[in-house]
Amino acid sequence: MLETSTLYGLLGIILAALGLQAAILQRDAIRRILAINVLGVGVFLVFIATAYQGADTPPDAVPHALVLTGIVVAVAATALALGLQRRLEILDEDTDDE
Amino acid sequence: MNEAMALVIALPLLGGLIAVAWPQRSRCIGNLTLLLNAASAAWLLALVMQHGAANQLLGGWQPGLAIALHADALSSSFLLLTALVGLAISVYATRYFHSRQAATRFWPLWLLLVAALNGLFLSADLFNLYVTLELLGLSAVALTALGGKRESIKAALRYLMVGLLGSMGYLGGVAILYTAFGTLDMQLVGARISVSPASELALVLMTAGLLLKTALFPLHFWLPAAHSNAPAPVSAALSALVVKAGFYLVLRLWTEVFPEALSPQGAMLIGVLGCAAILWGSWRALQAERLKLLAAYSTVAQLGYLFVGLALLVSVDEGATRDILFGAVVLMAMTHGFAKSSLFLAIGVVQQHAGHDRIDQLDGTAQRLPATTFAIALAGVALIGLPPSGAFLGKWHLLSTSMEMGHWLLVLVMGIGSLLAAAYVFRVLGHAFGNVAFASRSVNAATEEWPALALGLIATLILGLGSAWLWQFLEVVA
Amino acid sequence: MIDLLSGVLIIGGLFFYVAGTIGLLRLPDTLCRLHAVTKADNLGLGLLAFGLLLQLTDPLSMLKVLLIWILVLAASAAGGQLIARHVQREQEDSS
Amino acid sequence: MTFDALLVLDMLLATLMLMLAIAALHCESLRQGIFLYIVFGLVTALAWARLKAPDVALAEAAIGSGVAGALLLAGLRDRKPRKQKSLLRRPAWQVLTVTYLVIGLALTASWAFLDAQANDVGPRLGAMVQAELANSGVSNPVTAVLLNFRAYDTLLELAVLLAALLGVLALGPERAAPRAAGPVVHHLVAWLTPLLIVTAGYLLWVGAHAPGGAFQAGALLAAAGIVVRLSGNPHNGLPSGIWVRMLAVAGCGVFMFVGLASMGGGANLLQYPANWAGTLILLIEVFATLAITTSLVLVYLGGQPDSWSSGRRKARA
């Protein structure tokens, strides 16, 4: 029988692979940011799957805390990337006007 | 020792916070923080010298549960490098970012960058290292974007994406390691690790992620644009310190966590990539039309030497040769840190006075900016690896070990690399010393010129002459 | 008895969800779809919440379920109105 | 029987997540892609809840899906319409090479993951957390890890958020505020905002012994600020000048201060005195919540608002 943590761990790896592929192949900045976020969720899923120890035992709290940290770091990076992208749009518009 | 470690981490962080809250005084706060940071890094180094390496378990919890800080000869050397280069960059940046708006934007981010570097060099916890890597990456990207031009923003965005992919690779490796070994502490993982698919894959993922951040050929594609389009003080920090952080981490992981899982083929691959980096980086540096681009490609090449050194290091058995190689690699990393920051700061001075950094229009620079030209020459001596610079001794030991081991190709590559480096350095100096008839009188701007000069002197003289001491320090303490 | 009742309510709620989803997929234009989704889902949610309430004994948990119901109602009402207004604007722009 | 039902749920969740991820990454319209990503985040939150990680589920729904989704949509709005080209296609050989490499990596990773799972190392960190939980000052193990056992990570994480904020502020002035919303939204916001504030306070307080805590509370408050902003209100609920700057650095600052102060008497960094741990954690969490809220709302503005630098409103017109 497939263990729950194995199932979700493998799901995490597949999601990370999907995100990685899109992050390399996409050319559009926002799509790349989206892809890196999906990649991040995949990696987080591996952590949380590792923490899960069956229906009756309390899960390992350390990976939970790590993923919480990771989520905040990811949103910070997303914000900075979108800020840069916005600046680029503005600068492009200025050069088009000239 | 606990206090010194806490101080090294807390000072730049608190300085950054105060600089955010009190932007009117950000310049003073920044310089004062870097001054105190240099003092505390020196203090920590002295303590390590006296008492040997030390661990601190944050929060006082048991090993494994707590995040551990680890100060040894390697980390305290890199901390001192950061502190001294950081101080020089700060002095220069005080003049460079003279408008109030530029200053209030630069200083808090710069202090956070220093805090990230200090945290990274001290951390002995795999996940905590991820957080410091992200702090380093985001503040470095934000500083790159301060250039403001379209190219700077574009390079910053690319730098950010690449950095994120790199740290995700690293984090994926950490996830596998935690699944396999149930801990995040570097020493504990190192003790539990065995040769298995899990540890091999973790090694590959973490190394690949870090190599992407450290820009080892062919993963260097993002570096020239980012390093050459950032403001001069930021370029200096990126080339001298930020890429070193990735290298430092690979060095630590390979020698302390993964020695069991390393295979000769892996070391060989890194060595080959290092060779390719030396040749490609030097060749592109020779062809560069702008000084900053030259310096950026030279960083690609110099990183190649470090990785060649690392590859040699891990393929040598424990013993005297290995200790000497370790010292050589650290010495080269430090020399490059001082030399490259000196070069970038000097280029900044040239650029501000000439209004451009095109190499073929530099004639007369030596007459106008004698001190800065001298700094470029000093940095050049260290980059080529001429005596008495620290890089000379480092390269010498790399060469002699390669010869002993019969890696003649490596000897050849390093020889060609040095020749190419000499060529690109003399190409710059040739133009700089070219006389122009209507040379304006020489400029003497002390706070602008002396940081580069001081860094160049450290790279060529102090590190070269004091290298014996560094070897002893690394050997005795590590 | 209570179990049976709450089971019927929950299954009824699910039925309306399915109906709403089919409406969303099959109906021709945005306004019709919106109509199907908001109507059917609100009803479904109400039945679901009521069915769950019967299973609870703890007053705090009951309060939470009620709160969820009210919040989702408000959100879907406001969201539906926003989408409808957007559609209207687009139609005015194109005509 | 129950086990099988759970397996069905697992399979459904896994399939749904995969489909949503693929659709979000590859659909023609980026707008749809972002909406699908938000849904993907919500389904991911369900998966976290299924794996008994309710703290992560809350954070994912509020931050990973909510705030990140709002940021992405705002980023999309910054696009000039002419630039909304469809997918830029790469040559087929690139697509194939990358795809095969990634598939190879994923297969190797799966193999390594199964190998790692088979490697029995005995008690993990989770066991240590449970053993020391009583000495941590809180009874929610995740909060104990975040604010006590691994507090240093959280301290640096607040610094990461600050770095991103400073990076965004350095990029130029903020986005123009969206136009005022209609009466329905206006009223919804009027009674939703206080409710969000109360809920955030509840989450913050409950975090000591149940799922919740500073990050979830901060994200919820930030959501309130973003909703207020989206409804067309030019204000975002934040103070101006020195006060907003103090709020932005408060989380990291108070944390660092407590950490250093607890070193008195030869203790290690961040080693709280045992009987003060609960109080100190709450203190840190309150300021961390404020800092997270401030940072997330400000990065949503996409640049520096006037209120950031103007202390006494130096009129420089």
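When the chains are written out, they are named A, B, C and D in that same order, and each has its own residue count from 1.
Just so we're on the same page, a residue touches a chain if its C-beta (ideal position, glycine included) is under 8 Å from a C-beta of that chain, and two chains touch if they have at least 3 such contacts.
Here the structure is a predicted model, which means the values were calculated and not measured.
S.K.: From subunit B, how many touching-chain steps at minimum until you land on subunit C?
M.R.: The fewest touching-chain steps linking subunit B to subunit C number 2.
S.K.: Could you tell me the distance, in whole angstrom, between the mean C-alpha positions of subunit A and subunit B?
M.R.: Using C-alpha averages as centres, the distance is 28 Å.
S.K.: Go ahead and note the Å separation of the Cα centroids belonging to subunit A and subunit D.
M.R.: 12
S.K.: Report, in whole Å, the distance between the mean C-alpha point of subunit B and the mean C-alpha point of subunit D.
M.R.: 31
S.K.: Which positions in subunit C touch two or more other chains at once?
M.R.: Correct list: empty.
S.K.: Any chance you could list the residues of subunit D touching two or more other chains?
M.R.: 109, 113, 117, 124-125, 129, 149-150, 153, 157, 160, 163-164, 167, 171
S.K.: Give me the residue numbers in subunit B that touch at least two other chains, ranges are fine.
M.R.: Residue numbers touching two or more other chains: 127, 131, 134, 138, 141-142, 145, 153, 172, 176, 179, 184.
S.K.: Applying that definition of touch, give me each pair of chains that meets it.
M.R.: A-B, A-D, B-D, C-D
S.K.: Which residues, counting only subunit B, touch subunit D once they are in their complex?
M.R.: Those in contact with subunit D are residues 2-3, 5-6, 9-10, 13-14, 16-17, 20-21, 23, 56-62, 64-67, 69, 104-105, 108-109, 112, 115-116, 119, 127-128, 131-132, 134-135, 138-139, 141-142, 145-146, 153, 172, 176-177, 179-184, 192, 196-198, 200-202, 205.
S.K.: With touch defined as at the start, can you tell me which subunit A residues reach subunit D in the complex?
M.R.: 2-11, 13-22, 24-28, 30-31, 33-35, 37-38, 41, 44-46, 48-53, 55, 58-62, 64-69, 71-80, 82-87, 89-90, 92-93
S.K.: What residues of subunit D sit close enough to touch subunit A in their complex?
M.R.: The contact residues of subunit D facing subunit A are 6-7, 10, 14, 17-18, 21-22, 24-26, 30, 33-34, 37, 40-41, 44, 47-48, 51-53, 55-56, 59-60, 63-64, 67-68, 71-72, 74-76, 78-80, 83, 87-88, 90, 94-95, 98-99, 102-103, 105-106, 109-110, 113-114, 117, 124-127, 129-130, 141-142, 144-146, 149-150, 153-154, 157, 160-161, 163-165, 167-168, 171-172, 175, 215, 292, 295-296, 299-300, 302-303.
S.K.: Going by the contact rule set out above, which residues of subunit B touch subunit A in the complex?
M.R.: Result: residues 127, 130-131, 134, 137-138, 141-142, 145, 150, 153-154, 156-157, 160-161, 164-165, 168, 171-172, 175-176, 178-179, 184 of subunit B touch subunit A.
S.K.: Taking the complex as given, what residues does subunit D use to touch subunit B?
M.R.: Interface residues on subunit D, with respect to subunit B: 108-109, 111-113, 115-117, 119, 121-125, 128-129, 132, 148-153, 156-157, 159-160, 162-164, 166-167, 169-171, 242, 245-246, 248-249, 252-253, 256, 259-260, 263, 266-272, 309.
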